[in-house]
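Okay, so chain A shows up in both of these, paired with chain B first and chain C after.
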Partner chain A sequence: MRKTYIKGNKEKTFRVLFLYLPIMLFLIFLLFPFYWMLVTSLKTSQEIRMLPIVYFPSSPSLDSYRYLFEQFNFLHPLRNSLFIAVLTTIISLTVSTLAAYSFSRFRFKGRNFFMSLFLLNNMFPTVLLLIPLFTIMRSIKLLYTPYSLVLSYTTFTIPFSIWLLHGYLSDLPLTIEEAAMVDGASRPKAFLAVLMPILLPCILATGVYIFMQSWNEYTFAVLFTNEKSRTVPVALKMLVGSFGVQWELISAGGVITVIPVCIMFFFAQKRLVSGLTAGAVKG
Partner chain B sequence: MKNVLSNSIKNKKLKVVWPYLLLLPALFFVVLVVAYPIIVALKLSFMDYDLTRLYKSQFIGFDNYTSILFGSTSKRFFNSLMRTIEWVFFGVGGQFLFGFCLALLLNQYFKGRGIVRSLSLIPWVTPGVLIALMWSWIFDGNFGVLNDLLIRSGIINEKIAFLANKQTAMPSVVTTIIWQGIPFFALMILAGLQNISHDLYEAADIDGATVWKKLIYITIPSLKNTIFVTTMLRIIWVTNSVDVIFNMTNGGPANATRTLSVYIYQEASKLNMGYASAMAIVLSLLLMVVTIPYVRNSFSNLEK
Partner chain C sequence: MKRLLNVLLALVMVVSIIPIATNAEGTTLTYWFWADNDKYAATMREMIADFNATNSKGTVIVGEQIPWDGGSYSNTLLQAAIGGGGPDVATFKLTATPSFVNNGLLENLDPFIEKWDKKDEINENMYNVMRGASGTDSVYVMPWNVQVLYVYYRPSMYKEAGIEVPKTYEEFLEACEKLTRDTDGDGVTDVYGFGMRGSNGGQEPWGCFIYANGGTFETLDSEESIKGMQDYIDLFTNGYAPPTAPNDGFSQVIDGFQSGITAMTIHHTGSSAQMIEQFGEDVDAFIFPAGKGQWTSMGDTENVMFSSCEDKEAAFEWLAYLAAGKGQETWCSVTGNVPVASSVQGLERFQNDRFMKVSIEGQSVAGILPIRETTTSWISEWPSIIQQALLGETTAKECMEELQALLWE
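The block that comes next holds the complex of A and B.
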């Protein structure tokens, strides 16, 4: 039934006008800021304030990257962010995998109540939790330590991961573990030996999402850290100095911040996208 | 024989306990970092609680609430409420519109579609602060690239200080949040599009339906649920978003971009926790009212 026979010039112009052109425009709009960040990071502070604006730097310089690590010790916030993101990911994944397994494999009294409890969690405004968490962290002397952020981040990572993992798990047929359990394996053994290998890619994808969120978070981080425990997003903002903004440094820092997350994201993309969209599509 | 029997009883008991046991760690966290803090927030909202003068803290009943809603500061609250409505309406609306168009495009077959799809998702994984800073630099009034492009193409004659001007500040931050949210919308709608049966379109083709008619009578109705869920999620998310506005305009100029979330965040940063908590509770209640249909929808899906 495909109408390939009229694929003449007319169809070609149609495709250019209504497909390739708008896609190009979208890509330019969505990616230009990144191009601009990269270009800015390769300029010197004089070049940045030069008119007319240079769109393709003829002699790119890596000065701002060097400056960032030597003068501003950017490695320090990178290390903090890595520690916080990894710890948040490990804790959230462990806790959420257990809970998601419970929801998808058991029908028990109060299941709906508990599920809605986790579901509703995502609705509370950040600022609602931020204020009491600040005072609580302050009174238990955790404020300005990395752990205050790890705990705060679990407020959104755990409910979200449970939801995501529950979706993945519900798609895996029960028969997989049942077969193992009939053969005499205990439930934990069936879970670890049979289900885990299949689920692992999904757990990793969820982990990437948690890592991304904790790596990127700013609102909690700026109030809950000091100079010692500062994370990358806070450090980036700190480069907006009192003597005017050093855009070349911010851009260099931005490039460094975005690259690791982008790489991780591309590896996890397929599963992450299918997991995220499943709920909304099925509905 | 006896041993086997007691074992099976033990197993049965374990079977009942298992699901709760597995939930326990997650529940522990939720109680610790969500439920308890919300109770604390409620308590704070009835107090005069300022961390800079703690010795003066005391319960003041509904005073915070009455001063927010009816007192001398109520004007600020309602001004921020209006800014929030603008921010959410245009922000989420724009994300939907452009995200929908992008999804329709990505649903077509063309060479390099996979790469285009991956690339267009990058804004979504970029930290909010960085987005704010990147766009502040683009919008810059002196050396910003947007001014340069607009002057070069003859659209404007004089440079505009986009973020410092009362008329252009809100459109600028809204553009930024639209840019950030397009990928998520496109992603969700694209998944929805790929779920629509081809038979429907083929049947419409036989009846001689136009592209436009197919969009209105097949595509959009089939996407109803996807659009609904995604829009609701985005409304919650954009309402709660602080980092973009906070780092671009900090609510200015002259409070033109001070949404409720930003306002509350500013008050909390000043350590005026009682008053800020009361505002946060009001915001939560407002958000709950808006998202009632979403909650209902989610609950009805729980059974599945």
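The block that comes next holds the complex of A and C.
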């Protein structure tokens, strides 16, 4: 009895030392920057520079948030970012789902060439494409409108999304659609009614990837937008000057920026994991 | 038929009037600027509104704030200008001048300055610095505001040491020696004469010593420049600068001065508010004194007009408003930067500020590091090369030869 008790105790200690403790340390390491961002946004500018470091403000204040929305007009870039990210996600998902379906279901000339070409597109450094894209946007009168960003982002997100969805679609047996078509469904109907529900986790995962890419992008956004079409990353960078940083405002902006992504993850996490791993391992 | 003709004629007349009416309303110009904080951005918007309401040509400036982004502002501006969609006028940093001028993006301002009634309000040295930055004999960049490095000192410490404010370089070196004191008699130095910046950013105050000996950035391996370096080493090895000097950066030299560990240090108006808050009247400044030569470092912000701008006269009126008009006064009052126009410099608020006054005096000898492809790497290598010399691992000659090679070869 005593032996079992000791054994149980040892096992518990072992678990605490080698499982819970490392997990806890890892979580602290992972979550501390978020905690610090939140706490900084609640501090006054004096408290931020105070020594010794203040780990929690004596009287947390929402002044930074108030300032961001009332004086800095943060809602405006927030609206722009949301519009751009949602539109990019819808366009990219529609195009890449259809393209991935074609690449996985039809055998046509140049199929492999195009798939390789899609990969090549993502290998170019963004900076190289900046000026040509800028000139194109100017010529087609899209410069300084949100659509210039939507168009630019889709050029990067569509090829990668096609690869992502193609991997999953190739794993799905042809017989599923064939069975539907034997039962009288047309190809579009078979795709929409039979394949789409199965594809949903992967589409969701791809959608989250596209949304995050367009939500956080800065390099294109700073060049292709003006004050009317500014997005959140550019607006936040305005708070970093050559002689100082408005830490309390930038942290508050950071917290607000993270919220939509967190909400998305909260609802999508289960499907996201299965979607991301789908097509990765061929059985 | 006659009625129809009349209507058509009326239409043609209306259409022909439209462009004239638009012209009478004036041109719309896009202006890109960065602001260090929200307050400065709001000030710029007020200035733009003021200019739009008061300018002679009915010009409308549309301000676009662009992030400074650690200096990437210049790259963003360059990419937009090369792509053909940049602004008409923009805030600018001198270091970016060569890449813009070499690509033919900037408008030569010489003809505009030539006929500008306020051209003499700006010190000739400023125009020379602008010419030097472009590598041509023309001014492509319009001066706006600067920060000039000067020496902070504590009058009470001068009084205790029984010395006057140095007027020559030799007197400055003597002051460094005399201000180094063991105040409590325990055999350990308590106050060092000079707060030396041996780490990042130290090349700017260091340049004062090189020029005071007759050296220049162009001839860092000359006898004069080497002598300047030797003086710098001597200040440290003789114990007139804190033992931490080889590793001291901006915070350390300012903290050292504010805590009374050093009696003098070099910086600009950016730290004057905190100095006054700490010492009240017991802090003052002088421009680094002349020896065989004289130089001090200048931080800069300018404005440029792009060659693609369609109404250059209107654009220059905006540049002039910023350089010597109401814009100059407003911006410098809010940001604490040093004005470049003599009419604004002479205003009571600037003349009553002792640090601003010294900065204005220093403008005639202020300059910048040579702008070359090697400058950035030279600046980042500077601390380690200087540290080796201060710690006796290399001689002044070896140190300066290395710096010369790094910058010019």
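In this section, the second predicted complex is superposed on the first by the 232 of 283 C-alpha atoms of A that agree within 3 Å, B and C clash if a C-alpha of one lies under 4 Å from a C-alpha of the other, contacts with A are read in each partner's own complex, and residues count from 1 in each chain.
Throughout what follows, a contact is a pair of C-beta atoms (placed from the backbone, for glycine too) under 8 Å apart; a residue touches a chain by one contact, two chains touch by 3 or more.
Quantities reported herein were computed from a predicted structural model and do not represent experimental measurements.
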Touching partner for A:Gly254 - first (chain B), second (chain C), both, neither: first
Partner chain in contact with A:Gly241 - chain B first, chain C second, else both or neither: second
Which of chain B and chain C A:Leu130 touches, first, second, both or neither: both
Touched partner set for A:Cys262, first chain B, second chain C, both or neither: first
Which superposed partner A:Lys189 touches (first chain B, second chain C, both, neither): neither
First, second, both or neither for A:Gln71, with chain B first and chain C second: second
Chain B versus chain C, judged by how many residues of chain A each one touches: B
Partner chain(s) touched by A:Leu223 [first = chain B, second = chain C, both, neither]: both
Chain C-contacting residues of chain A that also contact chain B: 130-131, 134-135, 138, 223, 234, 237, 240
Complex interface listing, chain C residues touching chain A: 34-38, 40-41, 63-71, 76, 79-80, 82-85, 270
Residues of chain A touching chain C in the complex: 71-72, 130-131, 134-135, 137-138, 143-144, 222-223, 226-227, 234, 237-244, 246, 249
Footprint of chain B on chain A - complex, ascending: 1, 15, 19-20, 22-23, 26-27, 29-31, 33-34, 36-37, 40, 48-49, 51-53, 91, 94-96, 98-99, 101-103, 105-106, 108, 111-112, 114-136, 138, 151-152, 154-155, 158-159, 162, 187, 212, 215-219, 223, 232-234, 236-237, 240, 245, 247, 250-251, 254, 257-258, 261-262, 265-266, 269, 273-274, 276-281, 283
Touch list for chain B against partner chain A, complex: 16, 18-20, 22-23, 25-27, 29-30, 32-34, 36-41, 44, 49, 51, 98, 101-102, 105-106, 108, 110, 116, 118-123, 125-131, 133-138, 142-143, 145, 148, 179, 182-183, 187-188, 190-192, 195, 202, 205, 225-226, 228-230, 233, 236, 239-240, 242-243, 246-247, 261, 264-265, 268-269, 273, 276-277, 280-281, 283-284, 287-288, 291, 295, 297-299, 301-303
